[in-house]
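Here the chain labels run A, B, C and D in written order, and each chain numbers its own residues starting at 1.
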Amino acid sequence: MAVVFTQLFNGISLGSILLLIALGLAITFGLMNVINMAHGEFIMAGAYTTYVVQQAFSHYVPAALFDYYYIAAIPLSFLIGALLGFILEKTLIRFLYHRPLDSLLATWGVSLILQQAARSIFGAPNVAVTAPSWLDGGLTIAGAVFPYKRLFIIALAAVCMIALYLYLDKTAAGRKMRAVTLNRSMASSLGVSTKKVDAAAFAIGSGLAGIAGCALTILGPIGSTIGMYYIVDAFMIVILGGIGSLVGTVFGALSIGMLGTVAEFWTGASMAKVIVFAAIIAFLQFKPAGLLSARTRSLE
Amino acid sequence: MTGIKKFWGRQTIIAAVSAAALALSGCAASSALNEGEEKPAADTGGDTVKVGVLHSLSGTMAISEVSLRDAELMAIEEINADGGVLGKQIEPIVEDGASDWPTFAEKAKKLLQKDEAAAVFGGWTSASRKAMLPVFEQNNGLLWYPVQYEGMESSPNIFYTGATTNQQIVPSVTWLLENKGKSFFLIGSDYVFPRTANKEIKAQLEAEGGTLAGEEYTPLGHTDYSTLISKIKEKKPEVIYNTLNGDSNVAFFKQLKDAGITADDITVLSVSIAEEEIRGIGTDILTGHYAAWNYFQTTDTPENEKFVASYKEAYGDDRVTGDPIEAAYNAVYLWAAAVEKAGSFEVDAVKAAAGGIEFKAPGGTVTIDGDNQHTYKTARIGEIQADGQFKEVWNSGEPVKPDPYLETYPWAEGLN
Amino acid sequence: MQPILSCRDVKVSFNGFQALQGVDLTVYPQEVRFLIGPNGAGKTTLLDVICGKTKASDGEVVYRETENIRRLQEHQIVHLGITRKFQAPSIFANLTVWENLELSLKQKRSLWAVMRARLIKEDKEKMEAMLGRIGLAHQRHQQAGMLAHGQKQWLEIGMQLMQEPEILLLDEPIAGMSETERYKTGELIHEISQNCSVLIVEHDMEFVRNFSKQVTVMHEGRVLCEGTMAEIQQNEQVAEVYLGRRESAC
Amino acid sequence: MDKKKLGYWLFFIALFLGPLYLTEFRLALLGKFLCFALVALGICLIWGYTGILSLGHGVYFGLGAYCTAMYLKLEAAGGGLPDFMEWSGVTGIPAFWRPFANPAFALGASLLVPALLAAVLGFLTFKNRIKGVYFSLISQAVVVVFVTLFVAKQDWTGGTNGLTNFTTFLGFSLASPLVQIALYLITVLILGASFALAAALTKSRAGRVLSAVRDGENRVRFLGFNPTSYKVFVYSLSAALAGLAGTLFVLQVGLISPAMMGIIPSIEMVLWVAVGGRHSLIGAILGAVIVNSAKSFFSESYPDIWSIFLGLLFIIVVMFLPNGLVGAIESWKKSRKKSRQKGGTADAADSVVS
């Protein structure tokens, strides 16, 4: 029985990690229709930011406060991701809004450069981040252990999701963003500065990637290639969920998470990966618009 | 006909471009070079002798391989400072395999045919070695491969200075059975080394009274181990034998600890975690687990003291050494010694002279086995300490004779 | 006379919005039928349903009393002889005028047939004639994307005619045209109707008045009434929902 | 028109005469690049002419290469078990391997397997009107599936090591320089023939339908063409070319592994075409040769930073040379022509050169 609970939890946990990774893409790809292949490298940037913050804390901050480095790292990762995203939007993306396939290629080039830059700055080997001690251990219920780190990531994903929802739905800036992504020319004729909104939206999406990177440091490796591990998964989640639908992205992430862990439990990790991706491809044949889609995909 | 006209008409200029591209393909393909001879032969003219250093400096494998390049360059510098080989200075030519196997083959070919390298030090993954093997055999070159691997190979054109299975895995399994428990759970990345190693381990377990609790593989780069850890918890093994590779180790150990499994509950013995990897994973989560190697930075020999000191001096105090780094360093010295003994850079002469060549390596004396071109090495098992170093808990006492095909182990009979 | 096309109780909904709420429409051979109505009345949607771009959720679209074409794909409907000109010029911008016409030839459109296709003399003559008819003889080697707006409209009409249709669906064919071009287009439409039926969505009342015989008025996804322009103008309902509103808008 | 054709003939003849003026090493490199050029040709057909961006051509390349490699491996094993199967613990040759002992079957399969896979995948996705970036991303998912499968099924495919260490092809030793030269010449001939075929296709009426599909797939439907069948056809053709390239690659390089089917090589293939000029067949060929030459050059001269060069290349091409080198040369030519017309100093000799 404990195994069932643990597996259910593992599925949700994996889903929440995938959601964090894909949430930024849900904006830049789902709402703005930009294919940003460097999204993974923004995740990497967030992870390295966390590492740098930790190094700074261990050098300049009293040892008693060390554990709080992670609290500082989350907003900083967001800012670094957002800053990178902002620069990318201003220098590259804004010229390519009408050429999605080209933005895919150009941002792939950006991702190569960012990876090499990370290697040059931090060295080729992985760096280690020690998770704060308040995340050590786990909740034991009926023989099943629920690690605090995973609970924390689930919470973090939920908070990001809710914050994003509130921003898009309840603030003036967020509504402008929605307006622009839904109908660019209409919004601009109503006096919304589409340029500003585009830059802001892209920065927020990239910032969310930074947070995802920060979260990943407590579970996995921190190196120049971590972005590559997640980028295809992230795009698949957004497509599966349905372009332009945040709720769809949540469903997409959770269903891939659940399917992945169940398949891995019955077969093995490699076959699970094959099954998940084959299932996505097959599903999209039947429902090309994804689980939930805010827009009908225009044909031309 | 308009369509045809348009098609051809649009591209008149291309004819001119073709010529330029042709020149480019010829020239850019190989950087400034003198049109060499067709037949490669170790270039022994002049005051220097060229050797190749071929590791991944970019891509996913750069994490591990950059240090090997550093160690090899250091050994070359030391030998040069000592007067070189046969009175010639060694001139290293560094190439990037880019974590891409055809690139390894291409660069190996380039080193042999164009640079006429007398020897090439390179490779890490089995895939890169397998890709280079035919190149070295066809061009009669010499490859020095410095990483522990899965055995079952003995190319006449490769010297293996890393451990084969009977110098690392076999003794460690015996040690675990005697000291840590009978029930094994095998986990590995999904590629050739873990699968082959585990096949051997399973045969050995059967022969030596161990039991197999489980066997799992994860794709390279896999980072979510929650499900695998659930499986481990269900099977309750005493020992986890870990052949995971690279980044996966980080995720695995972090998540293993989160799941509440410590070194006291289940012993994890790894064969791919050296000092450098420990730093990337974090010592706090590794303390108390074990690794099997032939060398540790803490290995207590006078040669090692000097080796560690000069490595740190050359590349920075924060750098650490490790088994593959030492094996790469040894490779250069072993080659130089074989050349001196042969009195020639000729590949066949060097090969003939290599058998029995000894080198007082940082990890203890290593000797080339003339039969299979592997080296005698001392097997060691270390426990990971809080400072990221190993405390040696066991060694084989004397160097173990390499046996890549496990011919001297009766239980391994059905394996190949 | 047997109708060439009959729509029976055609319904379309977009995410719950009923764009067509049961439309009945009958078109006879060699008829020129105008579809008018305020914005959102469903005129373009009806054309979309007939040509297969939008699938009706209910009802029937019957061709020549025999074949229900509601579920056919766009190209299959074209094979029956129903062609469509869109509101925005939809020519192939990177092909030349000549190539655009070549693709529009009435021909076997299967992959295999097209790969072996060569321009025969007869085809060339047809294309030359069409170039003359639509006044683009001098622009034949120009990329279609470089044409003026009116020329693009004409090219597209020409492309529809090359297909020798039975039914031609036109969506605002004169939008963006000059006065003379409008007149010429009107003439052309009547000329066309010698050989096929034409169903036109048009907003320009002047044009409708000048060139219509039968007019169908749509409103909120339904057919409001049918008749000649004169009859329509007498209809109070129409005046209320359409003409009245139009006057106030002007 | 003849001048143009003459240019192409000269180009391919110059390639054909490569063995006369290139060293063995360079010839081998060029041979490899020409295999890539064949892939690029196929990508140009689907991307430049039809507007389908596939980020999964590594799979078709790999499948073609594996089909041939299976034959080579069986021939090297001389009727016995291939070496990697031995150490993977396989006791007998798997049933699906057996037909590949026949070279005709293997070579045929190296064309047909990629083409059939592409046809099935293409038929489903195109029929469901999935296109643009969605198709591109789905093609990446296909790559993930195949690479993971090929790595995991080590006892059938050689795992990450792939298939390597071949000896002979149809009895000829692959190590022999003469055989390598012959393979190079065959590659040039096949590339030339494929180029001619692709050129004929693009200038036929079917080729214009493909361009029309790129400019407006829906409009094509309203001219009565079914774009699905055209897209499936050209996508399969492109996959077959990639498979053929894989065969030639494995014969010349002597190695195929899942790493060559992966996402990164698949995207690099698109880059070749982008650099050369996506709307030009000869541009695609030149792009493949030039990018790979540059890659060799940079990674030899500056091994640490070649990925930065590669990244910059992507950005520069997309931002400043959207039609690649050929496009840039053409527009330069056009502007020169214009300025000359304005100046009224058209020089006959000059125009002959251009």
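Rule of thumb we're sticking to: a contact is a pair of C-beta atoms (placed from the backbone, for glycine too) under 8 Å apart; a residue touches a chain by one contact, two chains touch by 3 or more.
The structure displayed is predicted, hence computed values, not measured ones.
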Most contacted chain pair (by C-beta pair count): B-D
Taking each chain's C-alpha mean as its centre, the one farthest from subunit B: C
Distance-to-centre winner among chains (Cα means, whole assembly as reference): D
Intercentroid distance (Cα basis), subunit D paired with subunit A, Å: 33
Whole-Å gap separating subunit A and subunit B, where each centre is the average of the chain's CA atoms: 35
Whole-Å gap between the CA centroids of subunit C and subunit D: 43
Residues of subunit D whose C-beta touches two or more other chains: 148, 151-152, 204-205, 208, 216, 218-219, 304, 307
Residues of subunit B touching at least two other chains: 3, 6, 57-59, 190, 217, 219
Interface hub residues of subunit A, defined as touching at least two other chains: 116, 228, 268, 270, 273
Residues on subunit D engaged by subunit B in the complex (per definition of touch): 1, 3-8, 10-11, 14-15, 21-26, 28-30, 32-33, 84, 86-89, 148, 151-152, 154, 158-162, 164-166, 175, 177, 199, 202-205, 207-208, 253-255, 257, 259-260, 280, 282-283, 286, 289-290, 292-294, 296-297, 299-301, 303-304, 306-307, 325-326, 329-330, 333, 353-354
Contact footprint of subunit C on subunit D as seen in their complex: 201, 204-206, 208-209, 211-212, 214-216, 218-219, 221-226, 229-230, 233
Residues of subunit B defined as touching subunit D within the complex: 3-19, 21-22, 24-26, 28-31, 35-36, 38, 57-59, 94-96, 98-103, 105-106, 109-110, 113-114, 125-127, 130-131, 133-135, 138, 150, 152, 190-192, 195-196, 199, 217, 219-220, 415-416
Residues of subunit A defined as touching subunit B within the complex: 3, 6-7, 10, 13-14, 17, 116, 119, 124-131, 136-138, 140, 145, 147-150, 216, 218-223, 225-226, 228-229, 260-261, 264-265, 268-270, 273
Sites on subunit D touched by subunit A in the complex: 53, 55, 124-125, 128-130, 132-134, 136-138, 140-142, 144-145, 148-149, 151-152, 216-219, 263, 267, 270-271, 274, 304-305, 307-308, 310-315, 317-319, 322
